[in-house]
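Following are the structures in question.
Next come two complexes, and both contain chain A; in the first it sits with chain B, in the second with chain C.
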Partner chain A sequence: MIDSGLAQISRALAAREVSSVELTQEYLARIEKENSNLNAYITVCNELALEQANAADAVRSKGEAGAFTGIPIAHKDLFCTAGIRTSCGSRMLDNFISPYDATVVERFKQAGAVTLGKTNMDEFAMGSSNETSFYGPVKNPWDHSLVPGGSSGGSAAAVAARLCAGATATDTGGSIRQPASFTGLTGLKPTYGRVSRWGMVAFASSLDQAGTLTQSAEDAAMMLNVMAGLDQKDSTCSDVSVDDYTAGLDKPLKGLKIGLPKEHFSEGLNAEVEQCIRDAISEYEKLGASIQEISLPNSHLSVSAYYVIAPAEASANLSRYDAVRYGYRCENPVDLEDMYKRSRSEGFGAEVKRRIMVGTYALSAGYYDAYYRKAQKIRRLIKDDFQQAFEEVDVIIGPTSPHTAFPIGAQNDDPVTMYLEDIYTIAVNLAGLPGMSIPSGLVNGLPVGLQIVGRDFSEAQLLNVAHQFQLATDWHTKTPDNQA
Partner chain B sequence: MEWETVIGLEVHVQLATASKLFSGTSTEFGAEPNTQANIYDLAMPGTLPVLNKEALKMAVKFGVAIGAEISTTSVFDRKNYFYPDLPKGYQTSQLDFPIVGKGELVIDMEDGTQKTIGVTRAHMEEDAGKSLHEDYPDKTGIDLNRAGTPLLEIVSEPDLRNAKEAVAYLKKMHSIICYLTISDGDMSQGSMRCDANVSIRQKGSDELGTRTEIKNINSFRYVEKAINIEVERQIDLIEDGGRVVQETRLYDADKNETRSMRSKEVANDYRYFPEPDLLPIVIDTKYIEAIRETLPELPDVKCKRFCEQYGLSEYDALVLTSDHATAGYFEIVTAASGDPKLSANWVMGDLQAILNKDEIAINNSPVSADALAILISRIKDNTISSKIAKTVFEAMVDGEGDADSIIESKGLKQVTDTGAIEAMVDEVIANNPDQVEQYKSGKEQVIGFFVGQIMKASQGKANPGQVNKLLKEKLSN
Partner chain C sequence: MPIELEDLENIAHLARLHLSEEEKSEAASSMSNILKLIDQMQSVDTDNVTPLAHPLDSVQRLRDDEVTETNKRDALQKIAPETDQGLFLVPKVIE
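== the complex of A and B ==
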């Protein structure tokens, strides 16, 4: 049963074919067996999960169960969970037990979900390979010598290895979509403001967005139904009305206008990956969609702009880790400055320190206009590019990543190569738009992801476009053990 | 050489909201350390700010009151620096787009002249916590109760030319924020603090000299002293061939000197950038107009009305209206006693004296406005003389009862019976032939001696008007 997707599990629970306790026990047993290899979880909540599963079964026996009651999921370890460590993949928060629940966590609790544990991630969500985690790299279930992508690598590996029914994740520059692409999953990054950021440890506040990693679009729709919506605790959370995301999945795609950004099919894109994407495009044509080429002329500037804005915001967001109130504190500080310097030097890893320095520099007197202000102007241009494109087409599709998963350690020497990992995904965050990645083929036995980008708050449409593809193809059902 | 002083003030006003600027925590003063700090105030990971709408309303109210431009779009920024009592490692403030733009303040000088001082801007920001160095040997205690308390920082143009003007500006600012009830204005509790930017230049010069900033001055008196001593220091420095260094200085009241803070503080690069956790604040003119309608009568308007309506001198009106509560007290006394002039004298005189002596706010006066009005009425209806009234007032302050019962129990009622007074006059004249002789020989000031004798004999209760009249009649015979 636990190999099934979240929607199927929901139906099985409703039909009393299985209990939440049985499911939870099965998942915990598999986590016990597999996690030491994969390193997908930082914290496993055995007792809490069984307690919640018992409670869920009790609710169901009283006839009060909802669609999500009793479904075991995992949370990326940057969602605050009351009483459970929230490490953010960092030594800095290795000892941090949150006194409160993130809104996302709270809503899943309310919906009756079971929390299996907290998943590994790049430190403070900074990375594209899950190698910057204080808890060590996560392995790709498709090939343990490869990375699962990042920063939500733990959530991706956990779902891909069927160590949970679905997982929460976050995406600041591609951190949901790229791991989805590398592990053969459906990744959904909603519109900025669709899901509350309250209780989500901040990396770059204007870009961070909570989303999901699941086996299918239908699963993602079920999770978004729980997560989405206004939250008074997050001033940037939108009051745009929330759809029932499962309701519109079956709409036919006839008449859908799809745009292919020519900039996403140029130099640097692996030829076999491109072929998978072209095949997927043909599939969409068969489903009744029309295809046209579009241009996002400023997309080549997106990585540069992103690596000014995100580190700038991060440099301020991470100032609170000063060893005064919680978190890592160095041994025997001699004075305040020593405490600051050594605690932060020892508590943060290399990539986090690099970004804090880049961000601090970009905001410094005399450099602000050349970097931060200019990056914000580029951000505006990129948003305008998309807006113009969406006057002609309904959704934009292309590759999520220029290649398939790469070996652990392959890109450790050159941060810039790593930054270019997110070349197709980053612009979507800068524009605040919703994006998905869905499995669309295999190259040498490794998954390829297709990115779908829509207008602001068009999650229902994106999920519909993804679901119709998944009805017509079976790429999303492939697993490391079953590639046939 | 003749020097001119140039001063600009930054006033921090703690807004009187029930909760903090970005969290729901109470702002009440004096609680146990860290009992008023929630997860946002502690900068727990994942927490986010939500703007307190009351603070916004108060900021706009202030702007409207000083005739300033109100920004329909204003933006919060992060001001980055590390300090243990600044939990987030940045202060959320406003840099380029403050809520209140250019306005002005008319200040009243002691000589009765007025001067208009430009207000550059006012913006909202959060206060930091407190570092407690005294109570913990070799350690620093952190109290975050104050962290996140809403402040309005009001920046003046460099229009002030001496310490007295600076004090007048502060007093007017204090008066206005109290009138608007946007702050309790209590300087001793830090509800109003002031930084002074001070420079000097040769008289007649258009260029500004290098300024120093004196930080965190917390009383009107210290503002005057700190500025004067700093100006003196700068003049001495330049006249000795030195140069003023732009820096932050602290005023030490005990030594009456300013001294340089660490140069590191000055070299801070705050790396401001727009706060991504808050959307720009957008308000419309309807919002602003609705607030304008709630404005109370402000000190300048009230002062003018007091002159016209009550026939008070400009000086009296100014003194009475500079404090909102005093003005209110006076109006109750006047309405009940029907004598504005007497009411003004009593409120500004005897009442103010006992309030000052015991440092009591007029709202907590031991003599209520209604009680004082009754006392004044008894002077007006000749029940007691002004002199006796002082005795009655003292008894009222001591809590011995209301004016009427004190007059009754102490037998202080004025003697107006002509026969009784005449008998006393006759007796005094008979007993003092020498003084009668002096008077008759033209030394008319001797009449004071007779009045004194009679008042003594009557224990102050004889009506002074009647005594004078009778004396003159009898002595002329």
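== the complex of A and C ==
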């Protein structure tokens, strides 16, 4: 049963074919067996999970169960969980036990979900390979010598190896979509503000957004139904009305207008990956969609603008780690400045320090206009490009990543090489738009991801577009053990 | 644009980071590469473009100024490195 997707598990629970306790025990046993190898979880919550599963079964026997009651999931280790460590993949927060739950965590609790544990991630979500984690790299279940992508690599590996029914994740520049692409999953990054950021450890506040990693679009829709919506605790959380995301999945795609950005099909894109994407486009034509080429003329500037805005916001956000109120403190500080400097230098890893330095530089006196202000202007141009495109088309599709998963250690020499990993995903965050990645083929036995981008708050449409593809194809059902 | 050692030390101080000699030389080379990437932005004329601070161009929502939080000092201080009688302790600041 635990190989099934979240929606199927929900139906099996409703039909009393299986109990939440049985499912939870099965997952915990598999985690116990596989996790030492994959390193997908930083913390496993055996006792809490069984307690929640028992409570869920009790709720069901009283006839009060909802669609999510008793479903075992995992949370990326940057969602605060009361009483359970929230490390954010960093030595800085290795000892941090949050006194409260993040809104996302709270909503899943209210819905009756079971928390199996907290998943590994790049430190403070800064990375595209899950190699910057203080807890070590995560392995890709498809091939243990490869990265699962990042920063939500632990959530991706956990879902791909069927160590949970679905997982929460976050996406600042591609951190849900790229791991989904590398591990054969459906990844959903909602519109900026669709899901509350309260209790999410902040990286870049104008870009961060919580989303999901699941086996299918239907599973993602079920999770978004729990997560989405206004939260008074996050003043950037939107009050735009929330759809029922499972209700519109079955709508036919006839008449749908799809745009292909020519900039995403240019040099740098692996030829076999491109073929998979072209095949997916043909599939959409068969489903009744019309295809046209569009242009996002400023997209080549998105990585540059992002590597000003994200580090600048990170340097401000991470200034809170002062070793005074919580987190790591160095041994025997001689004075206050020594305490700040040594605690931060020992508590943060190399990539986090690098981005704090870049951000501090970009915001420092004399450079603000040339860097931060310039980047915000580029951000406007990028948003305008998308808005213009959406006057002609309903959704934009293309590759999620220029290639399939790469070997652990292969891209660590120059940080800029790693930054270019997110070349197709970053513009979507800058524009605040919703985006998905769905499996759309295999190249040499490794998954390829198709990115789908929509207008602000069009998650229901994106999920519909993804679901119809998944009804017509079976790429999302492929697993490392079953590629046929 | 290569980063001068003096700039690097100044940025590290502003960010309250201590860099070893080895980290400094690594930072100088990687930051120069990153700044080269960032400088691609300068190829576009943006004189008449309004900066986009919020991705949806939204402004902060306001609420009534009412007390909604209760005092959770004890719970919050339980995870602090060092406290005494409700205060956070740090190395001596005033002689």
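Side notes on the structure shown:
Here, the second predicted complex is superposed on the first by the 484 of 484 C-alpha atoms of A that agree within 3 Å, B and C clash if a C-alpha of one lies under 4 Å from a C-alpha of the other, contacts with A are read in each partner's own complex, and residues count from 1 in each chain.
Heads up, the rule we're going with is that a residue touches a chain if its C-beta (ideal position, glycine included) is under 8 Å from a C-beta of that chain, and two chains touch if they have at least 3 such contacts.
Everything numeric in this text was worked out from a predicted model, so none of it was measured.
When the shared chain is aligned, chain B comes close enough to touch A:Met200, but chain C does not. Touch counts on chain A: comparing chain C and chain B, the chain ahead is C. When the two complexes are overlaid on their common chain A, residue A:Lys377 makes contact with chain C while staying clear of chain B.
In the superposition on chain A, no contact is made by A:Thr214 with either chain B or chain C.
By the touch criterion defined above, A:Ser238 reaches chain C but does not reach chain B.
When the two complexes are overlaid on their common chain A, residue A:Asn298 makes contact with chain C while staying clear of chain B.
In the superposition on chain A, A:Pro99 makes contact with both chain B and chain C.
In the superposition on chain A, A:Ser364 makes contact with both chain B and chain C.
Judged by the touch definition given at the top, the superposed model places A:Arg320 against chain B, while chain C stays out of reach. Common to the chain B and chain C contact sets on chain A are residues 96, 99, 206, 232, 235-236, 315, 319, 322, 324-326, 336, 340, 360, 364. Against chain A, the residues of chain B that register as touching in their complex are 39, 42-51, 78, 80, 82, 84, 87-90, 140, 142, 269, 271-273, 276-279.
Those residues of chain A that touch chain B in the shared complex are 78-80, 86, 88, 93, 96, 98-100, 102, 197-202, 204-206, 232-236, 312-313, 315-316, 318-320, 322, 324-326, 336, 340, 360, 363-365, 368, 372. Residues of chain C touching chain A in their complex: 3, 7-8, 11-12, 14-19, 23, 26-27, 30-31, 33-44, 46, 49-56, 58, 60-61, 63, 72, 75-76, 78-82, 88, 90-93. Chain A makes touch with chain C in their complex at residues 95-97, 99, 191-193, 206-207, 232, 235-236, 238-239, 298, 300-301, 303-305, 307-308, 315, 319, 322-327, 329, 333-342, 344-345, 348, 350, 353-354, 356-358, 360-362, 364, 370-371, 373-381, 383, 414-416, 419, 429-433, 456.
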